[in-house]
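Two complexes follow with subunit A in common, the first pairing it with subunit B and the second with subunit C.
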Partner chain A sequence: MKVKPKIGLISCSGEGLSEGLISRVATRRILEERDDVVTICLPLFIAGGQEERDFARDNPCITVDGCSKMCAAKGVKMYGKVQPKSSIIISEIVEKDSHLKPKSKNKIEPEDEKLVHETMKAITKEIEKVQEKDE
Partner chain B sequence: MSEKKKSRCIIIPCSGIGKAVGTVSRRATYIVTNELLPNDTDSICLPLLTIKDKETVRKIRETPCITVDGCIAQCAKKNVEHHKGMLKGEIKILDIIKENPKLKPGTVLDIAADGEKLARKAAEKVVKIMGGNC
Partner chain C sequence: MLVEKKVAVAVCTGMDKSLATVSRYAGYHVLEKLRPDKTVLLCTPALIGGVQEDVVFAKENPVLVIDGCGEKCCEKIVNEAKGQVKAIINVEDILKEHKDLQPESRAKLGLKGLKLAEIVGELAAKKVDEILAEANKSGR
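Let's look at the complex of A and B:
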């Protein structure tokens, strides 16, 4: 029986923007809740070896980016030579509801929890879509 | 006319999401850039170097950089070296832990009080490096 690969969740974790922290925390919480997802530190695409660069080919990837520069999505294309199965951009979630704009890049403030929750909901929805397609 | 002040040094954490030491590196960077030397330091998103963003590559070639890495993979240092950035110093959180074996960082999402202490010690080392090199 062929074992299905786990879904790769790749967060930008960008340090320069509060949305980068949201991407990191939402991704990490999903990773701790589920056993059908795995991750990789994005900068390992350069710092690691071929095994790290093959991550995106070995695992169908969902990228979680803080801003429109989309480092995670671009990293998957650049090093994995594949398109992410799905891409989530936090700044687009914020655009739909400006009250969700995160306050700090240093720590999750209580008022940022709603955005983390919305991002986790979006990630979960995309995981289910990717799993449905693969069935 | 106001001119944007140029930072003396760019502090770059590793962006690691797999281990608590990655979060300690991130926290150490914010202690330097927000609290200890806010007028002299800046940071960048490391993933911008990974995707070869031209503006970010230019910035690390023109400005002295200090990297703060969580684990032995040393992603921050290797990304800066890959792009021939002006690397003036490097900190490894694992070294700080070796020097302070009683301090155990918590988790990726909550580094706890010991993680915060390690971050402060790493931040102080960054400031020390800056004193001599940047």
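Let's look at the complex of A and C:
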């Protein structure tokens, strides 16, 4: 039996934009729902965490960025020397429906739940795509 | 005209540990409540992503680092970007002095964790004042 590798989710950990918070919350909720994913701590990855970098080299990773600066995806490429299997950008989800634009950087308001949910849906879709490709 | 310096506050942005969440909340406390006119939030991943605005700000302004644990990721990232680190607070060290304030989880700090964040925030505010006093003394 082939053991499926766990997928690493690397969330934007930015503090400057409210989309950074959405990224973290959506990623964390996916982690709590599924046992086939793990998170990689982006700051530790960037600062030289060998365990994190080894995981990214040996396993498929999906980055969840808050904005088009794509710091998580860039960090993985620059410091892990690997290409993420997939990259999600939350500001692109917001562009499709401007009502989803979050306001607070440190608190999920009830009206932000829809964006968290949409982001979780996007992450789930990408996880399934990556798993299909690996089969 | 003399442009007043602000302190760039860089917080641990990790997702793995509750101490990272304490660091983040302590950052909000000093930035939004205690010293809003004297501080600016620094986005550490953006430093590594090479976002020019953030890199220049970290080089030209004093930086206060609030790290979550002994990995010291935030300090390492700011140093890597050649930022001017002027003071460092490590939440893990503060927790050793307040062992009863263990946060609940990375997603929910609970009352004790929030209290710890406030203590770290107050310490950060003191550091901000010291950094700016030193900068004014040396005229930088």
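What we mean here is this: the second predicted complex is superposed on the first by the 129 of 135 C-alpha atoms of A that agree within 3 Å, B and C clash if a C-alpha of one lies under 4 Å from a C-alpha of the other, contacts with A are read in each partner's own complex, and residues count from 1 in each chain.
Convention: a contact is a pair of C-beta atoms (placed from the backbone, for glycine too) under 8 Å apart; a residue touches a chain by one contact, two chains touch by 3 or more.
Predicted model only: the values in this text are computed from it and were never measured.
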{"item": "Side-by-side fit of subunit B and subunit C on subunit A, or clash", "value": "clash"}
{"item": "Partner chain(s) touched by A:Ile62 [first = subunit B, second = subunit C, both, neither]", "value": "neither"}
{"item": "First (subunit B), second (subunit C), both or neither touched by A:Leu100", "value": "neither"}
{"item": "Partner chain(s) touched by A:Val116 [first = subunit B, second = subunit C, both, neither]", "value": "neither"}
{"item": "Contacts of A:Ile127 with subunit B and subunit C, given as first, second, both or neither", "value": "neither"}
{"item": "Common ground on subunit A, meaning residues reached by subunit C in one complex and by subunit B in the other", "value": "11-16, 20, 24, 27-28, 39, 41-44, 46-48, 69, 71-72, 74-75, 78, 105-106"}
{"item": "Residues on subunit C engaged by subunit A in the complex (per definition of touch)", "value": "11-16, 20, 24-25, 27-28, 41-46, 48-51, 54, 71-74, 76-77, 80, 106-107"}
{"item": "Touching residues on subunit A, where the partner in the complex is subunit C", "value": "11-16, 20, 24, 27-28, 39, 41-44, 46-49, 69-72, 74-75, 78-79, 105-106"}
{"item": "List of subunit B residues in touch with subunit A within their complex", "value": "12-18, 22, 26-27, 29-30, 34, 43-53, 73-76, 78-79, 82, 108-109"}
{"item": "In the complex with subunit B, residue positions of subunit A that touch it", "value": "11-17, 20, 24-25, 27-29, 32, 39-48, 69, 71-72, 74-75, 78, 105-106"}
